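What follows is a group of structures, each given as structure tokens.
One chain, subunit A, appears in both complexes that follow, with subunit B as partner in the first and subunit C in the second.
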Partner chain A sequence: MADVFIPGSLEEAVDFLADHPTTAMPIAGGTDLLVDARTGRSRPERLVDLSGLRGIEGFELDGELLRVGALTRIRSIELDAELGRRATALVEAARVLGSVQIRTMATVGGNLCHGTPSAEMPPSLLVHDAVAEITGKGGQYSVPLAAFFVAPGRTVLAPGDLLTSVRARVPSSAAGSCYLRQTVRWSMDLAGVGVAASVHVEGGAVSNARVALCAVAPVPMVVTGAENAVMGTSLAPDALAEAGRRAAEACSPISDARGTAEYRRQVVSVLVPRALRIAWLRATGSWPEGSPAPVNGVWTRE
Partner chain B sequence: MPAVRASELQVVGRRIPKLDAPEKVTGQIAYADDLRMSGLLEGAILRSPHPHARILSIDVSDAERLPGVRAVIHAGNVQQGCFGYGNDNVPLKGDKVRFIGDEVAAVAAVDEEVAKRALELIRVEYEVLPAVFDPFEALEDSSPSIHDELPDVDGNVSMRWDFDHGDVDAVADRAAAIVEGRYSAPQAAPAPIETHVVIASFSPSGHLTVWSPVHMVFMYRKALADVLGLDWRKITVIQPPVGGSFGGKIDIDTHDFIAVMLARHARRPVRLVMSREEEFIGTRTRQPIHFTLRTGADADGNLLFRDAEVVSDNGAYNAWGSHAMLVAMNTITSMYRVPNSRIRCAVVYTNKNYGGSVRGFGNPQATFAVEQQMEELADALGMDPMDLRLRNANQSGDVTPQGMEITSCGLSQCLDIVREQSGWDRRRGKMRDRHRGLGAAAFIHVGGGARIYGSDGCGAIVKVDESGQVTLISGSSELGQGSETALAMIVAEEMGVPIESVHVVNSNTDIKPWDVGVHASRTTFVAGNAARMAAAAARDKILEAAADLLDARAGDLRIREGVVEVAGEPDRQIEFGRAVRRRLLREEGSVVMATAFYDPPTHHQDKDYRGNISAAYGFGAHVAEVEVDPGTGMVRLLNLWTAHDVGRAINPMSCEGQIEGGAAMGVGLALSEELVMFDGQIAAPNFHDYGLPTAVDVPRTVVNLVETIDPLGPFGAKGVGEGGIIPPPAAIANAIADATGVRPREYPMRPWKVKHWIDSGERSHVVAGKEASEHG
Partner chain C sequence: MRVALEINGDDYARDVEPDLTLLSFLRDVLGLTGTKWGCLTGDCGACTVLVDGKPVVSCLQLACQAQGREVTTVEGLETPGGLDEVQAAFVSNGATQCGFCTPGMVMSVEALLRTNPSPNEAEIREALAGNLCRCTGYSKIVDAVLQAAAERRSAVGSPAADVS
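Entry: the complex of A and B
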């Protein structure tokens, strides 16, 4: 049984964590940590309960700037209509994470800091050029989210560092995004492959594109090659296929109980074009407003 | 018992919520894990980390010295005998361990934490031996021998099940179409919410009481006595409410013996609760079975033969799973009319978790092979698969090659219903452009008991007290399947009382009469008949007393809603309880109590596997509709239409629940559930990776209840508990074939397998007949 420290402020939390670098761990929603503690993957002696801290929960949109506090519950992202329009991929990722009960407890910060290769939130933040804002013993600093993840279960955070928020750029018009995944079950499953894409469309062509993946490399990754393949195009089939091919080449999946490496590469090459296509349809107003993409991007019509 | 018309029924046929539903949905019911008693110790089991190893030494001295430890047991300090078919198992292993999870030692301590720390202090020295995980490799001469201590075991073959009927080779020569292929079913788990749990307690006088949510309670008691050298007359087994079993808790498991041995050593009551991980690692599974099957038919679509080579991947020891071929064999020989059949089956030891009993017991696996081949064969003949099925459907009056006597049979009607509701004739084969397909599968399963033991009977006692309350004491217990409610309804119907006045007692071996136990979808049929007979006898005693009071002849009386009245003269009536009091509360009075015992008119199979093992057989048919994503291999189940011949629906709501629940389990088997293993190690023993389906994965299931009014069933009812789980893997495989043109070869049909079949163009192996199959 771990001792629980309830800090009165962010500074107290940082100080406590810095003073106990090998024994203390922060806990917010606890949806990963409690499972890890039960299976023995993690044996914290001291828990620093962040859930009562003020000022780092919730999110705000200011023009094109989105700031998401680390303590923001996944569920509150999932249910926000404005985010649904502006950061559709993020909301789609939130929709498929765990169960309603898990989403109600789990936080964005926890999902990022746990560093799980298949974590749902990173790809959808990466396609919005997200930056991690961190408070540590030496003050505040920022790291591009693409450089935040180091290895499975590891991030750049040093003992005493706390992720406080993530800022991202969400264009207000002519842009769209999408998050798709491959799973065994159609709900309550971890991604075998996760793909987020965003596009900005100007004059009938892609003026900016982002593609990010999870579960197919030791850390979530941005695929610049895939982005370049569609820049300046109107997403003709060959450009989409090329983007898929480049993404499949760029990733480095493993074989495990949730699929083989070869299969995962195939799925990347399939889901990247689909995600880009749906992002394009959204950017151009051709996708039904407020309608989420099917999990695997296949539009089922009756 | 005479047949009863539906219009005459007062209680049977009504939709009545399960009697224990309020306690369960509000969390008030006390499961075994909720029981509290003073001095209760917590037990824990040390399990083998190796799939195959010789035990060189066990040192428990440090564990014994740990404060709070009350007993540490291992093969060297307990009195234990062998168990399992062929006596190939022993509770605590002394010589060898044969799978990861095998029991080596156990402790009882004042709490769970101390017990776990004590386990860490036990030092076991192993000599690791080569292990074998693939049953085909286990059959090779070079394979390590898993049970070298058993003289009768030939290599790693634990048993063989061979069957011959007619002449397969002769008729194969004149077949117009023959298809063949390999079909594999995985290692799966019953995965109940309540893990296995047992509490054992000896009284100072040496009487043992065990609380265990086991089904076959009398055989459990005998096994405890036999293996542990106890007097079975001094054992009471109490069955607390069961938090899910699905067959997993059918009989005694190794930890049951261990709990009793711990209680004996510690001289204190001991509880053993499996953690979720232990439930997967340390209790029994649904064993993998591999079928190499050939089916042939003549040009008109009459089935000619089935020819099967079967390898059952038994795991390390023989539990019930070794006998799943009893049921798989029925399906191969007797699902549809098959004039010739040949089966060669080897049950093979491997260094893995071993097979127990799980709902459907060999039948989903066999049906996956048999029913895929019905559609492959139809394509090879250029026939519609439904027409092929109907042409060969079992009919009332048939006696199958194994001697199964088909009495009530609604198979054709079930096929017609799902064909119509699914739009089969206009939609199958016509949705390929949208990657959608339809597939069907039917089933046959015992539905009137299953004679696998000397007795297939069940006793019942009906007691009516002076308040008019009726108590049924049944030998058969409730697993959550709703049998308690069905039995109460049967008694209420027979006695003419409201369901509310019937109580069921069924959970204590000191009180209840013999029953072989809950299995084989037999409770409503066997325990139902016993309950009905006892109720009728008790009712007659009441009528006798009432006749006296009403100055009428007993034959002129009837009971409705708890009131006895003279037929045709409704003002001459008395309340039910008054008649009881009339008998009881007087000089030389007597209680109203009656007993009955029902053992179905069935026979053991002979040495050639022939014999009418069940007094009735259940039938049904499913059609599944899927959409396949050819890019990812993800399969979405869109619709499931089901029709089941239940004989008579005692409680239609309960029947629907059983069928829906069974179908949901079948959907899980088909698409997601598997104990993935690497070198004998279950990769992820948890609910996430095991892959039970969620509500999103299971579509709305259309349930049709077909009532054929069985001649021997209580009010015409047949067993319904297992049928739902049987067809989905086959029906979904056939639907995938219709959607994609490729033929699934194994389940679960997880996305990467489907993708692989699509990319590699896996097709039917048509030996004779039309080569170019449209449907894989």
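Entry: the complex of A and C
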């Protein structure tokens, strides 16, 4: 049975965590933590409830800078029209996470800090060069999100550290992004493969590209090789196929209930080109605005 | 730990274990057993209630995290005239068989109709993705939601609704 401390400020939360480094854990939406506690995966003695803290909830777009507070609920990202235009992949990832109830409770910070290999938020933040902003006993520091994840269930956070926000760069024009995933069931399922892509298009060619994956390696990953395969091209089929091939080679999936390692690699090689292509269509204004991509990139129902 | 919140319009304050879930607070402390105890891992939605008007699974929220908030459970839906439109439509469409999923379903539908008064079938299915039913096969539930939405829209449009 856990005791619960309700801090009045971020500083109080950090102090309490620092004073109880081995026994206390922060709780935000509770959708990972309370499941872990119920299934015996973790036994926190003390919980520090972040859910009432002001100042780290919500997001703001200031020019090209997007800052997402750690306590931002997945549902508020899903429902924001401006984010839908500017950070489409993030909104698409939010739309497919769990159920309405789970999205209403779950926070972006919790999704990142739990370190689940299949967690939905990291790829769409990685394609925007996200940086994690952290506050600990020693003060504040930042870590590129690409270096934030250490192993399944482990991040760079030291005991007592809190993720306060994530900042990302979202270009304001000639750019597009997309998040696709493969699941066994259409809803209420974790990703077997998750792919985010973003492209910036100048003079009819890709001037910048990002590809990031989840659920196919111990930690979410950026695939530089796939990015290089499409840089400077106008995404001809051979460039797209090469990007897919390189991503499939770079990842290291396991076999489990959601698919074999071989199958997952195959799916990566298919979803990477699809996600890049949809990002391109968005960047060039050829995709209907406000229209989400089908979850795996093709319309197979209705 | 002292937990004080509003449930279905009434204030409640109780001393409880700090890590008590909102689900246990409702059922075991207050005896409001309409909210169902299912998987306890967020998957089935049987424990769905509204907190400040938004649907949450009460098995994954601590009672102390709902401190000072407004909670609505299935017990709070009944109107002086009887069942509300959503509940009545579940009954008349045969959208309830064993009934275990129904309170959670109904709360998710209430949340949906507050933000989207005329949902289509795809929107209904998406809103109910986190509410599992092992009996009905869902199509009767979709019918019930379409009917409840239509009735609520016509009630809002009619002069009788202005009485409140």
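Criterion: the second predicted complex is superposed on the first by the 298 of 302 C-alpha atoms of A that agree within 3 Å, B and C clash if a C-alpha of one lies under 4 Å from a C-alpha of the other, contacts with A are read in each partner's own complex, and residues count from 1 in each chain.
Definition applied: a residue touches a chain if its C-beta (ideal position, glycine included) is under 8 Å from a C-beta of that chain, and two chains touch if they have at least 3 such contacts.
This is a predicted model, so every value here is computed, not measured.
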Partner chain in contact with A:Q101 - subunit B first, subunit C second, else both or neither: second
Which superposed partner A:D3 touches (first subunit B, second subunit C, both, neither): second
Which of subunit B and subunit C A:N111 touches, first, second, both or neither: neither
Which of subunit B and subunit C A:T260 touches, first, second, both or neither: first
Partner chain in contact with A:V270 - subunit B first, subunit C second, else both or neither: first
Touched partner set for A:S51, first subunit B, second subunit C, both or neither: second
Partner chain(s) touched by A:S187 [first = subunit B, second = subunit C, both, neither]: both
Common interface positions of subunit A, toward subunit B and toward subunit C: 39, 187-188
Contacting residues of subunit C [partner subunit A, same complex]: 1, 17-19, 21, 40-43, 45, 48, 54-57, 59-62, 64-65, 67, 108, 111-112, 122, 126-127, 129-131
List of subunit B residues in touch with subunit A within their complex: 277, 434, 627, 629, 631-634, 636, 671-672, 676, 683-684, 688-689, 691, 693-697, 748, 750-752, 755-756, 759
Interfacial residue positions of subunit A with respect to subunit C in the complex: 1-4, 6, 27, 29-31, 34-35, 38-39, 47, 49, 51-52, 75, 98-102, 104-105, 187-188, 302
Residue numbers on subunit A that touch subunit B, as the complex places them: 39, 182-190, 192-193, 256-260, 263, 266-267, 270-271, 274, 295-296, 298, 300-301
